[in-house]
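Which chain is which? They are A, B, C, D, E and F, in the order written, and residues in each are numbered from 1.
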Amino acid sequence: MPLFDLPLERLWEYLPDRDEPADFDAFWARTMTEARAHPLDPVLVRQDGPFALVDVFAVEFAGFGGHRIGGWFLRPRGHAGPLPCVVRYLGYTVGRGRPHEWLALPACGLATLVMDTRGQGGDTPDPVGGTGGEVPGFLTRGLGGPDTYYYRRVYTDAVRAVEAARALPGVDPDRVAVLAGSQGAGVGLAVAGLASPLVRAAVLDVPSLTAFRRATEISAAGSRAEITAYLRAHRGQIADVFTTLSYFDGLNFAARATVPAWFSAALMDQVCPPSTVFAAHNHYAGEKHLRVWPYNGHEGGGAEQAAEHLELLVSLLT
Amino acid sequence: MPLFDLPLERLWEYLPDRDEPADFDAFWARTMTEARAHPLDPVLVRQDGPFALVDVFAVEFAGFGGHRIGGWFLRPRGHAGPLPCVVRYLGYTVGRGRPHEWLALPACGLATLVMDTRGQGGDTPDPVGGTGGEVPGFLTRGLGGPDTYYYRRVYTDAVRAVEAARALPGVDPDRVAVLAGSQGAGVGLAVAGLASPLVRAAVLDVPSLTAFRRATEISAAGSRAEITAYLRAHRGQIADVFTTLSYFDGLNFAARATVPAWFSAALMDQVCPPSTVFAAHNHYAGEKHLRVWPYNGHEGGGAEQAAEHLELLVSLLT
Amino acid sequence: MPLFDLPLERLWEYLPDRDEPADFDAFWARTMTEARAHPLDPVLVRQDGPFALVDVFAVEFAGFGGHRIGGWFLRPRGHAGPLPCVVRYLGYTVGRGRPHEWLALPACGLATLVMDTRGQGGDTPDPVGGTGGEVPGFLTRGLGGPDTYYYRRVYTDAVRAVEAARALPGVDPDRVAVLAGSQGAGVGLAVAGLASPLVRAAVLDVPSLTAFRRATEISAAGSRAEITAYLRAHRGQIADVFTTLSYFDGLNFAARATVPAWFSAALMDQVCPPSTVFAAHNHYAGEKHLRVWPYNGHEGGGAEQAAEHLELLVSLLT
Amino acid sequence: MPLFDLPLERLWEYLPDRDEPADFDAFWARTMTEARAHPLDPVLVRQDGPFALVDVFAVEFAGFGGHRIGGWFLRPRGHAGPLPCVVRYLGYTVGRGRPHEWLALPACGLATLVMDTRGQGGDTPDPVGGTGGEVPGFLTRGLGGPDTYYYRRVYTDAVRAVEAARALPGVDPDRVAVLAGSQGAGVGLAVAGLASPLVRAAVLDVPSLTAFRRATEISAAGSRAEITAYLRAHRGQIADVFTTLSYFDGLNFAARATVPAWFSAALMDQVCPPSTVFAAHNHYAGEKHLRVWPYNGHEGGGAEQAAEHLELLVSLLT
Amino acid sequence: MPLFDLPLERLWEYLPDRDEPADFDAFWARTMTEARAHPLDPVLVRQDGPFALVDVFAVEFAGFGGHRIGGWFLRPRGHAGPLPCVVRYLGYTVGRGRPHEWLALPACGLATLVMDTRGQGGDTPDPVGGTGGEVPGFLTRGLGGPDTYYYRRVYTDAVRAVEAARALPGVDPDRVAVLAGSQGAGVGLAVAGLASPLVRAAVLDVPSLTAFRRATEISAAGSRAEITAYLRAHRGQIADVFTTLSYFDGLNFAARATVPAWFSAALMDQVCPPSTVFAAHNHYAGEKHLRVWPYNGHEGGGAEQAAEHLELLVSLLT
Amino acid sequence: MPLFDLPLERLWEYLPDRDEPADFDAFWARTMTEARAHPLDPVLVRQDGPFALVDVFAVEFAGFGGHRIGGWFLRPRGHAGPLPCVVRYLGYTVGRGRPHEWLALPACGLATLVMDTRGQGGDTPDPVGGTGGEVPGFLTRGLGGPDTYYYRRVYTDAVRAVEAARALPGVDPDRVAVLAGSQGAGVGLAVAGLASPLVRAAVLDVPSLTAFRRATEISAAGSRAEITAYLRAHRGQIADVFTTLSYFDGLNFAARATVPAWFSAALMDQVCPPSTVFAAHNHYAGEKHLRVWPYNGHEGGGAEQAAEHLELLVSLLT
């Protein structure tokens, strides 16, 4: 059934209990403190290329554990004063790709920093091993506990990416926003929960990494199927796994965020089922907006949504 | 089997007989003459938007039958002298989308004109009816004969798009190229065959609309499956259908083209099987290049190929 | 889940609000008036063939826009007086096929007229262009508004087919019925809504073209998936598209029909979900019957249903 | 690859070695002798119904083991003298269905007898048990040896059906033919091999039950996949199974047939791969014809082929 | 949706009405009396093999109709006194396989008897024919009535297997249990209903053959799809078929069982949907236990469940 | 096509060129030397359980990098003298599971050591990070070079597992063999190439991890599809990736092995295509045997093959 989740009117009211560990804030405070003990040390390396209107740099900075995290940094060529900057996080398994894929924001006069998701797709390794029993995929890496879980490192990298963007030459640190979709939007939601004061807006399309248990129960699609596969094989670890995941659930970050957020959800999205997105939106503690796409799957609003976001970010940041 | 087509060494030598009707040139000469009887009348309408570095216009011109064909025209903002322009044709069922999807060329200092494929995706209707017995899809529209076949109109629109690009304000008519993939590359190959003198380069990724019969025999994927479905139902029309299609087969345009061409093919591409692309390349009469992607399907070289093409077009046209 | 729709007891009570435009009747009155301005001009051409017991003719008459619509006309050989006649409409993408596919009614002593669905399958072209942005398939042709929508032409052809049948030599105009399934039954329901006085019975198996919005929400199968695909790409047109479709929704025809109707529905039918059929039945204003097939998909009652219908039509019309 | 089998020019020459047991003829002679020891005892029971032009009877006769085999018998109503009769065998899992499905031959002035395939679909049981180790399906029933194999009974029934047709009132025993497709055509080919003198023509569309080993090696589709499943589980029985099947392979019947035969094959037919049909045709010892459908799957020539066959049978038998 | 059935809290309360024929007990009493009229005559044949610690025998005994039913019998080598014995029934289409597949129970010091399911997989034929109209598979064999239905024979064999186990040399007849999954567990549930006094425990993982109608309505997977296929073709037999099946529905056996039972169910099991298992558990009249696997499909608890069962059986029987 | 690879007669002669790096031996010598610098330190922990005839231990030893590698060790209870021992490696993503899954060898009087594949399935972590750009799965972990590649660690663990087995109490170090399938057999082949003197037999069913490039070209199934996915995204690394993989290709280990080997291949195996298995067998330098299963997929000889292997190992080792 294309409309496989709750009816729209119930989605707007859908506010499931959050499963939040008592030491959630302590865990993340400790995590961020440890990460910040490593100097951020952002480095830009200018890239040759055919782009007459845009300056392109490879960027690198210290993420979780001080590991060097790569990305792209683009800005309109020849612009004088400090610029707003939009930080981008990536969808699952995707790398940062080629600079020409990230020209829209600079063409609107904004700088942008694109962060590799460690291990996945791009050039940034995740130099940390696992805790055993993994199924193929990143969702079960280090799933033995919150300290070792893969997304602890990714979320931390993402906060550090915002800090790096604020520290880059020509960037106005008071005009930084995050913009991402799917896994990237889940990461961005964590940033909103961990570092709202550092950003002016969080634009989050069809976020994943929220409401993990419901997600596994309502859809077999998407990366969370890796969790299902893990629990199918490790039958005795269900409670432990969801305890670990509760440290990384977007719902708990939403409840802490204060930066204004723009969500989107698609009613036929099996990868990020609408109830898992609405749950995040409905729990979101800051100013919030939610765009609903009734006839779309995980592509959500696609190019149309992107066009709206360009207008939004220009109006917010310039 | 992922490598489902001929082995690579045989692909380089694959030169199938072309099925060419005696009046091929007369048919197209007549077609172009009729189309040019309608004033081209290109019209630009400036679009508002967030793009600080690029000017965006809706464009419209007279295609086949004088029908108005829409598209986008983008150029770097504030550039003085005449600019090169790259004409883009679209993949099957896709519309012109949103302007921000077409920023890469302007960011490199080139103008670009994106042409809607009539009927499909975008806003441009195909105001012509069919010849009956259609299966869902555009490949069987008007298949009753070459005069009525849908791609007669599309190919003609495409030549007129080049002519429109050359006539737009600020465009240097001697520095126009075409760049497209899949259906768009099939259309671009027709332009190379019909109007080589009007363009400086034809960049054609994984073109379709070539070697129709072989395509239906070697793969069930892609839009040519519509032809298979048609012939499954209209068993007695096989010879007639392939006669009609011979007026539109990229192999026959390749044999007439003189503009330098850059092809690409992917060895695991079921949609545009490599032998149908190599056949076009091997028959191509002008200077030619072919990039082979051994582990890709119809996505071909993707963003990596696009990056190469940006460099290529900048070097060729500026 | 095989029983994917409402439970049977709720289906019998399922009476969704109809979405009916204010000018529905005016639109169709105008449409029929325009069509009838073209002389009907039915023409029969006798066909050779091996059929010792049945006379076979190709038939042609003026449909929407005066376009010539083709079909078959068969009647028992050597029958003297005026005969009842059953008009048949076809399933999606299917053409009229071969005369031997339509022998059952003549073998029962009834004449039958089989109408090509313009554009689809058979030999009858749809000589009208589209309004742009189409996805492959007929459901999105001319979807820019009710005047241009493809089914305006098909429904009009269907009423004219009844008028043609009534005018054919040897047919008793007071004993004409319609019999069809799936798309054909949707067309037949429109005929019941537009021309009940002209027919004695409407026999409609698993009709499509009803309750468009629900159909797209409850199932991804069948031709209505083309509408979903269209709305996925044209996100801003949802309201407009359903306004256009409301002129063609079987529910609105059902509410106007007075001729006795025999429906059938199959509880495991993903193509024409049972709730969309029950909705039509439950809104039907005339005498009505509904046969339910609990373990069938879109094949519905198949040959068993057909056998019942032959008995029914013989008893009603002779 | 749609054209998955040998190229057409090699198909015409494809004459694989036949695997024929030494006692093939003795086995079948013994089998037929045993069957004929049971009185044929054909019984007709007139059926009520709406068919004004055709008389319909349920028919029953003694097949293998004297088991009663059911079917339909239809003939043009009110025809005086002796009529030709066409015997029909059915596709896999299909039953005889309803009488109105078999009107085409009577409408052409021919009688027809439709035989249930015992066990499958219709009302005729197969009252014989198996030899163990079956996978779901009829292809492995009794596969422990030729005496117990299911198709020994079916082929015998089929010869007895011809004998019954010749004995029915109003049938001219010298003008009997067989007409069937898929499994039915495989059965009909066995009849041609076992009882050519009893029939005037064998019309066999896309026959199965030929070239068993090649069939399992070239395609995973169709009922022969049951043999593959059996051999996957019973690894040590490969040689024995193919020895058993050699008593039932259409190639061996083809080599013995003398009645003129009309075959058809479809080049994209995965269910009855073209090489397995050409092999039967090429080995066929009598006058033979083969119709090739280049763009069809197992539907073969469909209604078009059926129309040709009606003309053919009328011309041969009347 | 992975959790496609009722929510867990409703599953625990799910107690559907049982459809029980008035003569259920009489039918089975008569059936068992007839079977016991044949001498059980268990025969053991020692097998050579590499097993140093275990004695392996082929076993054979008289099942329904006195037909010889085969299996394996294994016991720890060199054990003196009488041993407990666990009787195993098999999953659908599976044969008894090789002795080394059944070593776990003997390695725990228990004897085990593995019964072939007649007809399926192993070496034991089902020498009884059908009642016609079958679709491929065993679920529709003899479906014309309870006397002829296939599972009448299988359930009877299964009771006789327990009786055989109790009669084997070295087995303690008071310490016999049954252990099985899927079809085997359905069979074991019938044994619990028919012969509770003969066994000490029934360990039944994800049983099938329960709640037939609901099973066909909630899932298209598993062997019960054969019933759906049958009813799709035999539209008029729905009531009769479910009446026949009511003699074989595990719910009716559950309501009669007194032996302690250990069930398991998996919440994502489409083959044996959880509600059909909970229904059996909830109706079970004896002491009962139910293990729920939240993230598993039809594999249920797999090796983990098997490990629990070994511990359970050792503790119950030794 | 079920027989999708080379014909059987060509498989027996299939001896593709090996792609072997010049420092292959040096690389592995260095690797093993480094690993052996860590004390092996095998530790056994007796497990409670229901197994009356078998002693079960958890085992742990130092693998690559000194990382602790876990597994099971089982031996017949109460056996005095030194025993042969069979080392088992596991299929892709599978963990060591439960002890009762490994009883067959002890039941035959042999000890057995089952090694966890680090990271996958079981309890043994792979505490090493990756080199970036991974796709989900282990085949691309550390693919940046031979030093960092995941299987360097696994193959080293496997040699150390043999060394551990030889050092365990009660094991006769001169009677150790390896037995594995699929990934495990690929691992076992590496052991044969690296440590033939330490083992008496290598029994390798449908091995993977051989002929990497051909494997990616002939089949899209199995874990090697991860390599295809990697190369689809990292188009420029094809040569580098296959250079890295050449250090891990079973063909190169086969050419160095001297221990007698028993291979098996299945002709319909898409996961480990037969040509990739025959290539390993045909290059194998020691005494070799190859069992071919004509009608099987990746399950190969299944329980029948396992039965043969039990007999073989008992005859070789006792």
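Note that contacts are C-beta pairs under 8 Å (C-beta built on N, C-alpha and C of every residue); 3 or more make two chains touch, one makes a residue touch a chain.
Which protein is which chain? UniProt says A, B, C, D, E, F = Acetylxylan esterase.
Everything quoted here is computed from the prediction, not taken from an experiment.
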Other chains in touch with both chain C and chain F: A, B, D, E
Chain whose Cα centroid lies at the greatest distance from that of chain B: E
Turning angle required so that chain A lies on chain F, C-alpha fit (0 to 180°, nearest 5): 180
Between chain E and chain B, distance of the C-alpha-averaged centres to the nearest whole Å: 63
Distance from the mean Cα position of chain E to that of chain A, given in whole angstrom: 50
Where chain A touches two or more other chains at once, by residue number: 304
Contact graph of the chains (line, ring, star, complete, other): other
Pairwise chain contacts, counting only pairs that touch as defined: A-B, A-C, A-E, A-F, B-C, B-D, B-F, C-D, C-E, D-E, D-F, E-F
Chain E partner contacts - residues on chain A that touch it in the complex: 4, 216-220, 228, 231-232, 235-236, 238
Of chain E, residues touching chain D in the complex: 93, 95, 118-138, 144, 226, 233
Residues of chain D defined as touching chain C within the complex: 49-54, 76, 97-101, 103-104, 106-109, 303-304, 306-307, 310-311, 313-314
Interfacial residue positions of chain B with respect to chain F in the complex: 1-3, 293-297, 299, 301-302, 304
